[in-house]
Amino acid sequence: MIPTAHERNPWAIEAKGVFKSFGPVVALRDVSLRVPYLQSATLLGPNGAGKSTLIRILSTLIRPSGGQVLVDGLDVQTWGNEVRRRIGFTAHQTLLYGDLSALQNLRFYGRMYGLADVESRIHELLARVELAERQDDPVRTLSRGMQQRLAIARCLLHDPRILLLDEPYTGLDQRAARILTNLMHELLAEGRTLLMTTHDLQWAAEVSQQVLILFGGRVIHEAPVAGLSAQDLRAIYQQHVEKRP
Amino acid sequence: MRRDKYLLALIGLTAVSMIASLYLVFVYVPTERTMGLVQRIFYFHVPSAWVGFLAFLVAFVAGIAYLARRDWRWDVAEATSVEIGIAFSTIALVTGSLWARPTWNTWWTWDPRLTTTLVLWLYYVSMLLLRQMIENKERQARFSAVLSIVGFVNVPIVFLTIRLWRTIHPVLFTSEGFALESSMLLTLLVSLLTFTLLYFCLLWLRVRQEYLRAEIDRMKDQLLSAS
Amino acid sequence: MSTWRTVIAIVAKDVASELRSKETLSTLLIFALLIMVVFNFAFELRVENVRQIAPGVLWVAFTFSGILSLNRSFVVEREEGCIEGLRLTPVDRGAIYLGKFVGNTLFMLAAEVCILPLFAVLFDVSVLNPTLWLIVVLGTVGFAAVGTLFAAMTVNTRAREAMLPLLLFPITVPVLIAATKATGQILDGQPFAEISAWLRLLVAFDAIFTVIAWLGFEYVLEE
């Protein structure tokens, strides 16, 4: 029986004392965080801080070496497949098959997620991300921005309530980034929870309500940032990261 | 480190066994009638092949244990056992060749046991090569474990297949191509004991070396993160 | 049953991918043809009866081109991190293995169906023998069963695809020997009783290693 969590548990994402090592190299040590439902949170930190590793652990892609992770109230190690049904993940790589068309890619993932009404769902999403005209072209012929939009369509296929986005703004120009930001606001308004990693403080300030700063494999600062400007966010970041001895 | 006491005892025991073995092989046991002096290589050839097999068996068990427990120490045991297995298999193959040449006038015979050893040798060497190429330590351990398991399960199948294959062409020699007298049996058994003890010695020493290295890495990491 | 659905989805995707790019099958065919021709030249000067080496040449052609197809099957997943996409789907990891395994087997068989007539022509033998087809299927299944597991590992390492043959050939020695001997016996017109020993060996190998690979795949896939 899958435990029903939402009624009693306010945390969409919860990490307790997460530790990750690759042999002798320690990537994360004693990481704890909590993201409530309907929140938009951002993980900040310099390269090598462990952001990518952490978000992948939260997405069930990497096993933690120690500690516990609960997503939507479910332990990721015990309820792996259930967690996967409830989360959407994007990364710098598109996770799309270049030879296949947008339609074929979504159809494949739709089947893998066991969706009931695949075709109508696909067309609905393609319309939403404005890729309907190019739906039959091989994905490798699409521009970077279009591929990103398709990647987001892919992660929304199964209507997940929690979204985990790893560096979604990397490689996007201003216009594409603006479209992405608007989309994120829409998704949040629809009742989803969002956690992303990014270097881009400007967009982080626009989208986030909560910020967690990761450094050397530890969470060194956590703060609500709703309504803060990009400059204020930069000041906080600099205070905690760039001025460390 | 009180464990060193046991290690020293093992090394001592191995040394004694080795001296006994050498005496038996070169002084005690009589020269075989048909094959002559070169037959004495048999007492090195058979135990080497046996240790190779033992080493790969230990690696198989360690591989399963690693996947079940995820304790890096099982990975160390597995990797070092494979290394030692390859070393002893090499000895088995070379001694087999050296024995075959003067006895049957050929450098290689497609004897089922020898051929199986060769096939295994190729596989485990490739496995070590693959292991070197993986930077991610955890993935390295996982892949090695899977490969050790698959490799060992294959041993009886390869052996049976080659034996079936060779029934068509006469097998040139089995390890008993000559009558095994009681003195020869004694010598063989002592040799087997020596080589087995030697295996455990080497395994222990190598594993200990890896533990120390890991300890150093851990201390280094602690030092760096404290700053 | 959801495993079945997953397997079909993966096979359908790989077939669709091949239909779009048309790379793999043509490469396999040319490569296999090349092997058969080269071996023919290499041996013709020394061996009186070329038909003696025919079974060996056939299986070398099958396995070498099989390696190409196994590699390609996972190179496709390596690009753009698609293997992560697979791992994100809420499906049993064993089902992913079965999907890839069935796909690889079908690809190899498709190539072999085209290679056999060429073989018949070059070596002047008849390949219209259901027992022969059975051996071909069993041998391919065994090769693909272990090959799928190993290719998933080797495709991500530094030496890339070069490591697959080094690991796969020693393991599939039983398949190679059994399939080659049985093929030879069939082409020589020997009775079924003679061939049955090899047949049983192939079935045993296929059963054992499909199960082991199916169990082991999740450990290869996880991070």
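Observations on the structure shown:
Every chain is named by a letter (A, B and C) in the order it is written, and numbering of its residues begins at 1.
Throughout what follows, a residue touches a chain if its C-beta (ideal position, glycine included) is under 8 Å from a C-beta of that chain, and two chains touch if they have at least 3 such contacts.
Everything quoted here is computed from the prediction, not taken from an experiment.
Averaging the CA coordinates per chain and comparing them to the mean over all protein CA atoms picks out C as nearest. Two chain pairs, B-C and A-B, are weighed by contacting C-beta pairs, with B-C ahead.
Centroid distances from chain A, each centroid being the mean of CA atoms, peak for B. Distance between chain A and chain C, defined via averaged C-alpha coordinates, is recorded as 39 Å. Between chain B and chain C, the centres computed from C-alpha atoms are 32 Å apart.
Centre to centre, using the average C-alpha position, chain A and chain B are separated by 49 Å. Of all residues in chain C, those that touch two or more other chains are 222-223. For chain A, the set of residues that touch two or more other chains is empty. Under the contact definition stated at the top, the residues of chain B that touch 2 or more other chains are 138. Per the touch definition, chain C reaches chain A in the complex via residues 2, 5-6, 8-10, 12-13, 16-17, 20-21, 76, 79-82, 84-92, 222-223.
Against chain B, in their complex, chain C makes its touches with residues 146, 149, 153-154, 157-159, 163, 166-167, 169-171, 173-174, 177-178, 181, 197-198, 201, 204-205, 208-209, 212-213, 216, 219-220, 222-223.
Contacts from chain B toward chain A in the complex involve residues 72, 136-138, 140-141, 214, 217-218, 221, 225.
Those residues of chain B whose C-beta lies close enough to touch chain C in the complex are 67, 119-120, 122-123, 126-127, 129-130, 133-134, 138-139, 142-143, 145-147, 149-151, 153-154, 157-158, 160-162, 164-165. Within the complex formed with chain B, the residues of chain A that make contact are 22-26, 29, 216-217.
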